[in-house]
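Naming follows writing order (A, B and C), and every chain is counted from residue 1.
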Amino acid sequence: MIEKADQIFILLRNWIVGFLPAGWQTAAGVVLGVIGIIAVFPALFAISVLLERKGLGRMQNRLGPNRVGPFGILQPIADAIKSLTKEDVVPLNADRIVHFLAPVYLVVVAFMGFAVLPIGRNMVLVDIDASLLFYFAMGASTEVSIFMAGWSSRNKYSLLGAMRAVAQMISYEVPLLMSSVVIVMATGSLSLVKIVETQNQYTWGLPHWNIFTPWGLAGFVMYAIAGTAETNRSPFDLPEGESELVAGYFTEYSGFKFALFFLGEYLGMLSISGLGTTLFLGGWSAPLAALNWVPSWIWFFSKVMLSIVVFIWVRGTLPRLRQDQLMNFAWKFVIPMTLLNLFVAALWRFMGEGWLRWVVCSSLLILVYVVAGRTGMRRKNFGPRSYRYAE
Amino acid sequence: MSAPTTDLSMQLARQEGWNRPPVIEPGGEGELLELAMGPHHPSTHGVFRMDVVLDGERVIKLKPVFGYLHRNHEKIAENTSYLASMPYTDRLDYFCSLTNNWAYALAVEKLSAQAVPERAEYLRVILAEFTRIQNHASTIGFLLQEMGASGTPLMYAFREREKILDLFESLTGSRMMCNYMRFGGCRVDASAAWLDAARKVVSGLPEFVDEFERFLRTNEILMARAQGMGVLRPELAVNAGITGPMLRASGVNYDIRKVDHYGIYDRFKFRVPLGDHWDIYDRYMVRMLEMRESIGILEQALKEIPGGPVMDPKAKIRGFRPKPGEAYGRIEGPKGELGFYLISDGSPNPYRYRVRPPSLINLTVLEDMCLGHNVADVVLIFGSVDIVLGEVDR
Amino acid sequence: MLGEGILKGLSETAKNFAGSFVSKERLTTVEYPEERAPLPEATRVFPFLVYDGSDWQAGMRCVACQICEKECPPKCIYIEKSKDKKPDYVGKMQIYPARFEIDVSVCMSCQICVEVCPFEAIKMDSEFELSTDDRFGGLLHDRKRLAKSNEYYHSIHPTEAAEVDARLAEEKAKVEAKAKAAAEAAAAKATASAKAAEVAPAANAASKPAGGAEESKA
């Protein structure tokens, strides 16, 4: 019974496919999987948008939207109707084909990333041996669509905004990859399915998630920072900031294309969260061995939504970093820390089992982090100050 | 005006003369970008325009353009009686209507040599300090909103501001356009119930300021964006006539409450915080510390307030004709020195009515502070000046 | 340590988020129009004219002295005096305003008209939901719309209305006392002059009609 609930989508697919002749069955199965992904993740997008508005509202001591439907549940539908019925304005000088293709490309590429995420036990759309590589290839393509958007608008300010966004995303690709390379080293495989299966083991009821190791925790923090910057979320959302002067890359878009950009951004968030849970939080495995009776896909989706909640939480709290500051941060702080992380992970592997490796690795990471943080702040003369009063 | 203080920085500033920062030359070839920020812009505090010339991201030249909210306040006052100008002063710096009222009432009382009863003085101090607290909280909230903190600190500041505005409404009848001070005292007396409500609000304020400060003081992103930016040297500040928290954040000890001894401020113990690094972060912290000092003044005033009338019994409401003469009345408003210069020729309307707006005079150094900085910082520096367009344009 | 301030900030926000479900302090929204924030008693929005009794025309306190029109800063009051007179609350005949209009789009709610009115005739209302789609006429409130009863005044500003009523009653009592004293004095004088007229009827033959005229006048 428990297994039936766990595998329910697979069983459903097999049942539907059973009605077709044998030659068509694999293709039909893949098509059904694609339809499933296209149905589920935009629904999660709608939920995230609503969660964001209500969550930000509650953090700011106010209610979010609550007029459309009970507790505002139907707000995403209202937003969708609004964006569909707006006039589609294209600037006169704009390159029409590229202008049209940019949001479409973004959404297509964002969806491609979901193809290799293992959503549950045996539930991955395509099981490629080098699925992590495929994921990063697709993830990096999102930058192309941003540049297409900025270029095709033939607007000086949009182009500047797009170039800044692309520069930011490129510089944060390196920490993103480097923090994932650690996982590959530890697991020995590029396949996401295998990574999750390695984490699905339990000692004394506690799982072997990668986040529970010193290098895994450091890697997770850096992955989170890089992931926030990749998806242009606060505190790294200068390219789309409203109070900054130079307009974002999607100023010339209105109506449905703007909604597609929005969809693409949130799909990117969901995708990065999905990869983060797969690599660090154990994918579809349960947090305690005793809780294995809950279906695996529920664990996956709850971990993804938890990451979205953390994204929203961070957005509501922190001010923005300036462009040069965030590039400085990436190249001069995060990347050296990822290199250190690689070294620590290698040390972990070669020290063998025991409490010694825990102590050595954790202390090395913490020491370097504290020292680097302090010197960095002191060199730029930052720091809390004390104030004097007039006599 | 009173004698200058013996503060060493003030003396040095008077000796050195005008010190402009060097003109920034554009680097490399390529054209300069001319941009107009505003008047429709989400981060200018009202309708205000800044014409900036950029070299890449750095600001080469900046020209503030204002006047979009000019409402002829000074000319209207020449054709209206003294009492009828009082509601117009509410609308100058519309965040701080009670301090505007007090400055005008002070000027007219100097002109006509009226005495103010003691209870009225206490009430004036209480309301002015409440105004200062809500103004500083809003300014800090707006500054962080422009930094991109998506409005969360702003909402917290406004939550407290609502409590103070509710107090104003139950006493004066209106939340923002209070029209409460009169020449010779205050319009209505505050009941014991109101004083109790005020004490209750004051008792909740230290916790709010602590929370606010804890939320933001050690925030690394805030420090990275605000420290070292928009430096205003003290000599330049003194020579340009800057007053208020901006001047004190540049290290100059000049608080009109201590210098002029107007009202009954001598009876209260409070300190004047000064900044040592002269940047945006200092301005923000000086305002935070001033909020704490205001809470101290409020606690003392609410404890010591005596009974008695709140209006000079000999004051005339209608047919008020001061003797011919001139007077300049100034107070330490939340944004700086707010002064009213009145010339009377014996008629019911003033002959000349001039407002010294602190926001406008503080804006004159905007270019000097912004040169060489990024465009993203211009918005922050502008927010740290703390202007209200109603005052700049009158 | 780097990142400490950020974590502190995050904990503050989380506290506010959790608090917004439990305490009213952390969720201060008043959902208009289903709920309304309570207005304090001293609220002032736009002026209205007070009338005593049930007939708004007969009981209106305003005597069209035009003081409020002169003192109003944006000059939003427009008064036209009447040709005839009507008795006021002490019985004296006063003129009344034939037209009394306030342009609410100009009025800035400063309350100066209330302060300077010597007859307690104009007071501040607290109704603010006055939006209309008639741009010009809808915001020019005329005499009929502005007239509201003394009971209404009591309902919106109880302490103030009680004070005003006490003051008006005192004035009325004073006027009545004066009238009674004058009547008594006149009556005493009448009886005295009647007695004098009895004593010397022949000597006062010429002044009798004058005395009679005096009596009838008193």
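Here is the rule we go by: a residue touches a chain if its C-beta (ideal position, glycine included) is under 8 Å from a C-beta of that chain, and two chains touch if they have at least 3 such contacts.
The shown structure was predicted, so the numbers you read here are calculated from the model rather than taken from an experiment.
> Based on the touch definition given at the start, go ahead and assign the chain network to line, ring, star, complete or other.
complete
> Looking at A-B and B-C, which pair shares more C-beta contacts?
By number of C-beta pairs in contact, A-B is the larger.
> Going by C-alpha centres, which chain would you call the most central?
Given all protein C-alpha atoms shown, the central chain works out to be B.
> With centres defined as the mean C-alpha position, give me the chain A-chain C separation in Å.
The answer is 66 Å.
> Indicate the whole-number Å distance between the mean C-alpha point of chain A and the mean C-alpha point of chain B.
Distance between chain centres, rounded to whole Å: 45 Å.
> Centroid from C-alpha atoms only, then distance chain B to chain C, rounded to Å. What do you get?
Each chain reduced to its C-alpha mean, chain B and chain C end up 37 Å apart.
> Would you pick out the residues of chain C that each touch at least 2 other chains?
In chain C, 2-3, 6, 9, 12-13, 16, 28 touch at least two other chains.
> Among all residues of chain B, which ones touch two or more of the remaining chains?
Residues 152, 156, 159, 217-223 of chain B each touch two or more of the other chains.
> Two-or-more-chain contact residues of chain A, please, as numbers and ranges.
Within chain A, the residues that touch at least two other chains are 59-62, 316-318, 377.
> State the interface residues of chain B toward chain A in the complex, per the touch definition above.
7, 35, 37, 42-43, 144-152, 155-156, 159, 217-225, 227-228, 253, 255, 258, 271-277, 281-282, 285-286, 289, 374-379
> Taking the touch rule as given, give the residues of chain C at its contact with chain B in the complex, in rising order.
2-6, 8-9, 12-13, 16, 28, 39-44, 67, 71-73, 108-112, 115-116, 124
> Help me check something: in the complex, which residues belonging to chain A touch chain C?
So the residues of chain A in touch with chain C come to 55, 58-63, 313-314, 316-318, 369-370, 372-374, 376-377.
> Tell me, which parts of chain B touch chain C in their complex?
Going by the criterion above, the answer is residues 80-81, 83-88, 90, 152, 156, 159, 162, 166, 169-174, 177, 179, 187-188, 211, 214-223, 317-318.
> Going by the contact rule set out above, which residues of chain C touch chain A in the complex?
It is residues 1-3, 6, 9-10, 12-14, 16-17, 20-21, 26-29, 31 of chain C that touch chain A.
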